[in-house]
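Heads up, the next two complexes both have chain A, just with different partners, chain B and then chain C.
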Partner chain A sequence: MAAVDDLQFEEFGDVATSLAANPDATTINIEGPGETPKRLGPPRGSGREEDDELLGNDDSDKTELLAGQKKSSPFWTFEYYQTFFDVDTYQVFDRIKGSLLPIPGKNFVRLYIRSNPDLYGPFWICATLVFAIAISGNLSNFLIHLGEKTYHYVPEFRKVSIAATIIYAYAWLVPFALWGFLLWRNSKVMNIVSYSFLEIVCVYGYSLFIYIPTAILWIIPQKAVRWILVMMALGISGSVLAMTFWPAVREDNRRVALATIVTIVLLHTLLSVGCLAYFFDAPEVDHLPTTAVVPNQTVVAAKSS
Partner chain B sequence: MPGEETQPRSRDPGSDLRIGLECGRVNLSGGPRGPEEANEESGTSPQHPVPGPFGDAAVARRRADELRLPRLRFRKGLWERPGSRRAKMAEAAESPGEPGTTSPRPLFAGLSDISISQDIPVEGEITIPMRSRIREFDSSTLNESVQNTIMRDLKAVGKKFMHVLYPRKSNTLLRDWDLWGPLVLCVTLALMLQRGSADSENDGGPQFAEVFVIIWFGAVTITLNSKLLGGNISFFQSLCVLGYCILPLTVALLVCRLVLLAKPGPINFIVRLFVVIMMFAWSIVASTAFLADSQPPNRKALAVYPVFLFYFVISWMILTFTP
Partner chain C sequence: MFVWGEPEGELGINFDHIWQKTLTVLNPLKPADGSIMNETDLAGPILFCVALGATLLLAGKVQFGYIYGMSAIGCLGIYALLNLMSSSGVSYGCVASVLGYCLLPMVILSSGAVFFSLQGTIGTVLALVIIVWCSLSASKIFISALDMEGQQLLIAYPCALLYGLFALLTVF
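After this line comes the complex of A and B, so read on.
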């Protein structure tokens, strides 16, 4: 009977009161989203509200249960890998939307991933980004050098492989390093929040989505436009990453926590600026066609006459 | 007995669509003696005589030899009741198939359609029939001329090309899959898209190997993706569809090649752009017509997007091709 009662979903009035009544119990709040502001009322430190949020929204209970039952196949079976692709179309769109609109205080992992990390998003977003960067770079170089007589268009196919190496290395090695680092810090300092490796890969993969439209807009051969785009993209995806990882390092030594966040953002900056510099030629060259064409035309006119 | 065994096959014009448990057919008239004949035919145990109802395995072996029984295959519809089986045979006879000849048997194609009825014993072992062995034992194709054999395969490939050019929701591409068409198309594309060895620049068009790898590994990745998302299409069926649907883009490449012989200029480029966009859309429509049904309904977009990306990359390579 006690077991049956435990399985009934009861309404808990307030986390504080139920904690007072039964201090040893794990409480999970299952109130609807409309009641969230009420929940953030009385005794809350600045850290507690994030923890409650991190404990999840309405069906976090179910997902925690399901997460335990999900990955039960051994890793050499096909079904094991199918669990990483267990997402529907609307879920992928939701996650992409979450990466584009970082709301302060909302954790991307807890809000959207919720113990269901997928590999579909990271893999195909990276593949799209690779081709977007390579194709846009090629197009932009073509448009920049369009008027020049000495310019012979080449598809620059080698850059596709370089782009692929860079982006996939970033999307997999940096999460791996970060995960190892967080694991190491967790052994020293007890953190409330810890992420699994796949969740970190997921966050990084979805945070790269903003660079796809940015890469396409980088075709515009104006330096100012390009740098504004870099700032915007960096701001959005950097804030998604920072807000995701701040709770994970918050409990730690202040300087270590700050250094971690700064490193994450710095690496992100390096990626975007590096891609811009390598794949897209500097657009100052577009002064030259107007000055180079004119003397050529006069020379041609002189020769033909 | 032999006549009884060969006659039904020549009676079925649509026999290319059904693969049958030949041993089972003989058994229906001759009593249950599946096991040792199945063992004999598999070729794995000629030295291990299996005691059967006849008691003498050597006798059974000799009978198997003189019957020239084919390898075990699974015939779709064989295991159903005779009435419905005849109806299905009649229906299959009308479906597209070469009359009087058998085309290459698909692997596992009919397996999903088997329903086993109670009155026919399920015997024999499941072995993968190699196509040459089928022809060996299949006396209707053994004595045909080489031209017939080659033309049959060519016609199958050509039929699939027609299905791609006029995409309808038909199952032919999926049922009788083969990889000849994709191979031919991929090699053609790679040969035409590669930059010449005389090109000294590092940055140029793709090499042969790059195009080849992009096409095949792209197709494999898309297939793995659709299977991981829960699609119920087989690996090679999906490869077959994706490969055959490159045909419009190959046609676009040929057209672009011809257009590039004319004077270069913006009109040249616009014509090529238009042709490539049309063929790209055609490829997408053709492959989606075949592949979309095999996906779970709430993940269709997730499975179709990589196909879009794949053909987009190939179109880009074709559009930026400069000889």
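After this line comes the complex of A and C, so read on.
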């Protein structure tokens, strides 16, 4: 019965042994006012105060307790997954709003997800994004080549399946790799903040929401407009991801932490730039030769007069 | 006490219930009674599917295969989603029945397509209105039958995607 620093088992142990020795004895258990409840997490460190700010909720212990009781059905039944769809409309809207407005210091996972990760948001945001990219890509190609007589517009349905593969692979494989990496680092360095796999999937899914209006606006056939949109979308969703995962790698070696955040943002950049390049044809700059002709004519007219 | 059996009762088709459900679909803003989905009948939905195919045929598009294929797969998707989101489960027949009844506004849209072409601004706006109408009715019936208030829009969105596919079939 070794006393652990944070777990106050001493009183209970005394009662238990005395009860075991004398089962008929009546015992009175008086709880002092300053007694702290049993902690499930790792010992408190200096970084805990900052995490309390990020937690945004003092009953996180209660939710941790509840979270441990969730998965009891076998994984091939519907009941197993029902816990991941237990969200209301306003909760989904709240999470989407949180992904659009990254506030420095506010952690998306702790503030909005709070141990209730859902699969509804990521799944339908990815599905909508696939449709948005496919439809906008087809529409923009149609509009760009509208005046040309030699171009025959054919809707490319193949692009839907390619878009679906890319986006769903990104939304599942990158979180899986990141989760594995964080788990590995957690075994080397004790981190205060650790995320479950579903929470990471959730963050990535909701961070992709900004790309839906971006994809629709990419129909505008101006290169400058498209690149400004990319920068804005990347800025918003990249900062949401960076601010979410910075607390998880902060305790680690400085270089490893920075490299992780840079990789996350780089992969996100790759996704958005790749989608822009592959699904949206470059707007042609074929009006340039005609403007070059006109000045010549005015020069010739000026010379001859 | 001897009671004569009602003729529609022997056939298994209850016209009064079909009419009630149709009225519920046609008025998407009125809250639905949760008990109307207790007996799932497929007579109404099959009738509406055939009507949709017939009106599309009149407009010159032979697409019965697509209609039935999309209905089956769409029903399967919504069935899975509803089982995941509700605390009590649903049967596939119930899902198919509700989705089939809410196809009625789409039949109205495709009969409009017989008389004027839907490609154009008016057609697009009309199609969007019909999609919203269908999905609101379907989600309203689902949440009242399965006791899932607070999640109506979450159900309405996948239904809107499904009816959007039907609308694409009708317009193009």
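One rule holds in what follows: the second predicted complex is superposed on the first by the 226 of 305 C-alpha atoms of A that agree within 3 Å, B and C clash if a C-alpha of one lies under 4 Å from a C-alpha of the other, contacts with A are read in each partner's own complex, and residues count from 1 in each chain.
Throughout what follows, contacts are C-beta pairs under 8 Å (C-beta built on N, C-alpha and C of every residue); 3 or more make two chains touch, one makes a residue touch a chain.
No experiment lies behind these values; they were computed from the predicted model shown.
Under the clash rule set out above, the superposition-derived model of chain A with chain B and chain C contains a clash between the two partners.
Ranking chain B and chain C by residues of chain A touched puts B first.
Look at A:239: by the touch rule set out above, it reaches neither chain B nor chain C.
By the touch criterion defined above, A:157 lies against chain B but remains apart from chain C after alignment on the C-alpha atoms of chain A. In the overlay built on the shared chain, the residue A:196 is in contact with neither chain B nor chain C.
In the superposition on chain A, A:263 makes contact with neither chain B nor chain C.
Contact with both chain B and chain C is seen for A:81 once the two complexes are overlaid on the shared chain. In summary, superposing the two complexes on chain A brings one listed stretch of chain B into steric overlap with chain C, and the stretch in question is 91-99; the others among 19-27, 91-99, 127-135 or 199-207 show no clashing C-alpha atoms. Common to the chain B and chain C contact sets on chain A are residues 78, 81-82, 84-85, 87-90, 92, 120, 124, 127, 131. On the side of chain A, the complex with chain C involves touching residues 78, 81-82, 84-90, 92, 120, 124, 127, 131. Residue ranges on chain C touching chain A, taken from their complex, read 80-81, 83-85, 87, 89, 150-154, 157-158, 161. Partner chain A is touched in their complex by these residues of chain B: 201-207, 210, 225, 227-230, 298-302, 305-306, 309, 312-313, 316-317, 320-322. Here chain A touches chain B in the complex through residues 78, 81-82, 84-85, 87-90, 92, 120, 124, 127-128, 131, 135, 138, 153-159, 161, going by the rule given at the top.
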